[in-house]
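The following pair of complexes shares a single chain, subunit A, combined with subunit B in the former and subunit C in the latter.
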Partner chain A sequence: MTPKLLPSLIAVIDIGTHKTVSLVGQMINGKARMLGFSERRTDGVVKGTVIDLERLHRCVHEVVNDVERSSGRSIEQVYLSLSGPAAEGERIKGIHAIPAHDGKVTAKDVTDAIASAKRLEPPAGRATLLYMRQPTTIDGRAVANPVGMAGKRLEVHFWRVTMEEGNMRMRVGMVNGMSIKVRDFILASHAAACATASDSDKQGVLVVDMGAGTTDWILYYKEHILCAGSIPVGGEHMTNDLSVALRISRETAEDLKIRFGSALHREADANQTIWKDGDRGLGDQQFNRGTITQVLSLRYQETFEYVKKDIMQHLEQLFPGHAVKLDQYFLPAGIILTGGSANLADAAEAVHAIMQLPTRIGVPTFENDSLRKPEYAGVVGLMTAAITDSPPPVRRQRGFLASLKDLFRF
Partner chain B sequence: MERPPSILLVGLGGAGCSIVARLAARLPPEIGVALIDTDTRSFQQLPGATVVQIGRAQTRGMGTGGEAALGSASAEADEAALRRIFTGVPIVVMVAGLGGGTGSGAAAVVAGYAAEVGATVLTFATMPFSHEGERRQRQANEATGVLGLKCHGLVVVHNDLLLQQVATDAPLSESFAAADAWVGGALRALAGAFIPGALVAADPAALRSILANPGSPTLFAFGVGTGEGAAMKAARAASECPLAHGPSSVTKVASLFVHVTGGPTLTTTAAFEAVAAVRTRFGGETSTIVCARVNPDLGDRIEVSVLGASLPAPKSPAKAKKGAKAGDPSQPMFEFATEEAMRRGLFGGTPMTFIDGQDIDVPTYIRKAVRLPASP
Partner chain C sequence: MGPADRDWRSLVPQEVNRVPEDDIGRKRAVRSRLPLVLSILFFVALGVVIYLSVDESVPVAAGRSFRYKTDGFLPAAFVQKVISAGVEGPAKNVRAIKADLEADNQVLAADVRRRADGTLEIVLRERVAVAKIASAPPTGPMVVRLVSPDGQTFAGTGYSEQTIRSLPEIQDFRSTGSGDQLAIEGIEVVGPFLLAARTSYERFYLQWASVSLRDCFGAQEDAPGSNLNVKVRIAAQPTDRPPLVGIIFSTANWRKELALLPRIKIEEYLRMPNATAQAYVLKLSIQNRTISPPVPEPRLVPAPLR
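Then we have the complex of A and B:
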């Protein structure tokens, strides 16, 4: 595959449940340099689902305006992130019997196998967004490049991400409305992984991106995406739990979560009394820290139990009959936590206790100090993924998306 | 006919009858016991008790098979017999297991008759375990809505909460014993206030003044402490009582009824310290009625039980005009709806998100019924 010539200016927008972040950068001497950055509180999105398009539109518009002003460049095309329950992945394969008398695979055999895989229609009402190439096998043996190798049966595997058609039209339409083209969608969890996991990590690693509305996970094995999924629970749920338990406002709950929250509940917390404002003035309230950590840790741990269950279900589908275990032989690099909720105290310890795998907080590698936080892994990763664009090979049904874009382009 | 008892403990339905039958042996003799059920087998558990078999024509002595409508029809058919056992009794404490047919259907009807003949009715209703299925849950929820309007006080006991009090590997009998211990302790403590011999006594009218308003949320908590600082330990245990931490429990009430029972070592200071601690937790600004009693059997144990209720929010005249009659079935439904919104908080009004049949927008600690440490 020949590397594509990328426009030197790259803009990405990550629309999350809590915040919308945009980053504009440029490739200079093979390194990404940040030109503009903007961040705003997202409006009109609840639990990862758009509920008020007009408010979201206004918010995205403001972010784009900000980033154009700070970079001094006008944006023509962007990469959008894709997360939550809107995106759904499945593994598909194309099978091709190798016809030549000497049984050698030709480039055409590979193309035929790919074509046969892509002929599989997505479920009704869903559109294919992207195909991620997974290891190709010859007679069940995984090979890096099958061309020229001998065998009888060639199989190509893809991880296909589909999205609700209406939802995609809405997002593309919204960005088109600002006279900006959508160049591509990138899976948010994949983006988070690109920013935090090295290639050697990707020999076996689980990246969990816990945002405000959803918790997205992605599993890499031998440098390829094995599977990915999403649980509709996020940091917002922890804030909500706290506001219900203590009967306090959302803002207070958010503040207490950040200051006193923890993903682990310790017996000693119950003896600790904390003050809401700390000035002990009028309207200040006392809370038991144990209540806060108990509420948050229960939710946090439950979410990761759901993640674990989801992964096991996916693995069962991928390798029916094989009891694949989530252990260090399978995932030597362990777990990387990203997203805003990775900031919760003791997050890594709690996840380690549930998953029994070494866990670390993923901090994106980027020249700017201000973006070296787990909550920016998504947007920095979008940038990284947009620059590299291909590995792991991303092949989209260009025709379909292009025609869709044309549809919304005046 | 002998003089009616000052307190009548009534078991209704299969679950209610078994709880009462198990408790009856350890109750003071001043408390009368009656069993009401459609199924005659329930009565064999406690020979000699006053029994009323309802719905003989409807069910022919078998159960209701989980049909709530059949339960209420059965109770209505035997109105005269039911009214007779309540006549002259100042306080009726009813125990009913909701979810099944007789408990869910007949509870409101029976409570209604008791209230109409002049008794103050306090009902302990146990809610089914959540894994007993949606139908029983729904039937129980509907029943609490109607029941709350009929009796003066309604204490909802969530079986899920009680289950959490015992170790996970405890045998089944132990879980049920734990549930009995809570309800039984509560009843004994409550009854102790009205039978002769209390140091600081209360009369049935006092209870009535607390539970004056049918349909208002009722709070009940019970705690035991032993040894050094037993009174404060008991008060603290009452503050953290699982009965007061249910999904729908109220946390602060206007009127309180506090009963302290202790061994011969119980001091006045200790008793009132406990009352003060309970008041800071539960309120009781409008009125607090205190009862104290010495029971030599208790040794260094001190038991604190708390009963309280808030006045319901005054209805605006405009709303009353629209014909919100008492007993209007839309009223409890409305309360239920707001409770649902309370549970989902900021997500109230958004579509529910289900994983494994649970609405995961509801906080984990509520779904798992985990008791939270008390606020300072």
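Then we have the complex of A and C:
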């Protein structure tokens, strides 16, 4: 009799510039079921870079503590999100010559090609964090599964993500300090895509995860990752711009951005006057809405121009000598915008105007209503990506003692 | 280092401590282990309940020895006799043995347990004898029984003759019943009185030959005639002075009077030149209530001639 298998606990942590989020769930009947969720304001991170590890450790530990309490489970291993410019990606390939006796690709040939790709050393001082599969080709033809096909030259491609070794050690060490092991790293932009883009979207789609400190993007073409990148500009820059332009505190600027901000500047905005508190009492301040939207839209425009430039640089490296254009033929599903800054009013319209591609706000598909927001696309996507890309091993049915222990969980 | 070694998993071995470092970590560690601890406690409690319920009802195996401890005088032979007595004999269970042991008035409480090796562990708490009485059973000669402070009388198994002789005898008492069912009237006063004397004033207590309850039953506790008449052993006293033959305590104030006793210089008074009587009685307060105006007490008065 085969023992009944039980789904393992999946815990993910998304450490962002503005907030740290953790989600614990289980895969039940093909769907991710949430067991616990926790969110806290991140401490010790500026523009995606850790500046105070001790404060960040405490913040993340509190999030872990909260999520353990809410789920009633003890976390032993987690999936960590990777975002910001610290994680760099590059395309690598492994080549394998198919033996001439019958010219058919075997599973061993594929394994050899993969090993050949992974033998390529990363840049000095950097550690490899993950390999993401790209199309496999036989004699230049892209194939989904090469086993059994005839050809002479087998090529496997990967999108390899590396990180400076010290930075990686710091992140892993921080999590290990909480008696938790890092099971794997997941690219934040890939996670956001997993939560918001369907398989048909991935025929050609750009997913942009615009957080507080960084904007991560990932480009899918024919269901595979073509390239990914990150620029160190995010929602906090807009708040900062507004604070400088209007000579107000960052807190007030953040408040105005959320309440009256827009990613698109319209002529009519110049005629609108808004009040900070609204009661027009002592201390209340009056602002021109046109100024606010102009500041925000300019930064929004600039950010996406940077994203576009970054994408084009990557595409030129991938296809040297080819004039690849970011148009609807290349990306039929257009752009999916996620992250906290996607909540800014008229964000989709603004991106559409800048990139000249159909744009929509990415709302993650998840059983829990409270997480169906663009800012949670990252954490929901981490869970989805963890299940699909690197699922934890299922456990055998637990014994009587484990069932009894469940009775005493608080 | 080869390229494969540049993978983060091979670079960082991930050795995690069982208990995380800071306060939050310790809280998490406690919370994560609490279910296991509670589960184990649950099993232990369940085991104890089952053990105790089974232990009390399973018969004692014949021929098994026992470990025995007492805070009094009862010998192991007594316990062996109780275990073997009755129709069941040694096949009695733990609960029955406990009940049989406690049936004897000398035993205040019996703790009977079965050990893992099948032997019995018996711990007895015995009643303290503070006095003795001469009791006449319905048939047969007079017997001496010992009296505990709560009024229970018992045969005094294991007590040496010397110990029994040193106990004061309760005299002039009224009683009902016989044997273990003997009930002494007035024991609620004399019992605590003798216990207090034995515990706190042993020097005096050992000199007491008897306590008479003849005048103990006045209409009220502090009414005239409500007193405890203690007879003191003459043989233990010096012969170069008149002996003290009795001490009279009030039934209402005996605690204060006992406390007063060590401070009275009886020896000095009895050796004074004007102490010319043959013997003296120490009256601590009870006589004072019939005299007006009251005479300062305590007083040493000549003992009435017989």
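Criterion: the second predicted complex is superposed on the first by the 382 of 410 C-alpha atoms of A that agree within 3 Å, B and C clash if a C-alpha of one lies under 4 Å from a C-alpha of the other, contacts with A are read in each partner's own complex, and residues count from 1 in each chain.
Note that contacts are C-beta pairs under 8 Å (C-beta built on N, C-alpha and C of every residue); 3 or more make two chains touch, one makes a residue touch a chain.
These numbers come from a predicted model, not from an experiment.
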Which superposed partner A:Ala268 touches (first subunit B, second subunit C, both, neither): neither
Dominant contact partner of subunit A by residue count, subunit C or subunit B: C
Touching partner for A:Ile180 - first (subunit B), second (subunit C), both, neither: second
Which superposed partner A:Ile95 touches (first subunit B, second subunit C, both, neither): neither
Touched partner set for A:Asn65, first subunit B, second subunit C, both or neither: second
Which of subunit B and subunit C A:Ala107 touches, first, second, both or neither: neither
Which superposed partner A:Asp241 touches (first subunit B, second subunit C, both, neither): first
Touched partner set for A:Val147, first subunit B, second subunit C, both or neither: neither
Those residues of subunit A which subunit B touches in one complex and subunit C touches in the other: none
Residues of subunit A touching subunit C in the complex: 58, 61-62, 64-65, 68-69, 74, 118-122, 126-129, 163, 165, 168-169, 172-173, 176-182, 185, 401, 404-410
Residues of subunit C touching subunit A in the complex: 3-4, 6-8, 11-12, 14-22, 24-25, 27-29, 31-32, 34-36, 38-39, 42
Residues of subunit B touching subunit A in the complex: 251, 342-347, 350, 353, 355, 360-361, 363-366, 368, 370, 372-376
Touch list for subunit A against partner subunit B, complex: 46-47, 51, 231-233, 236-237, 239-241, 243-247, 250, 270, 273, 286-288, 290-291, 294-295, 298-299, 302, 306
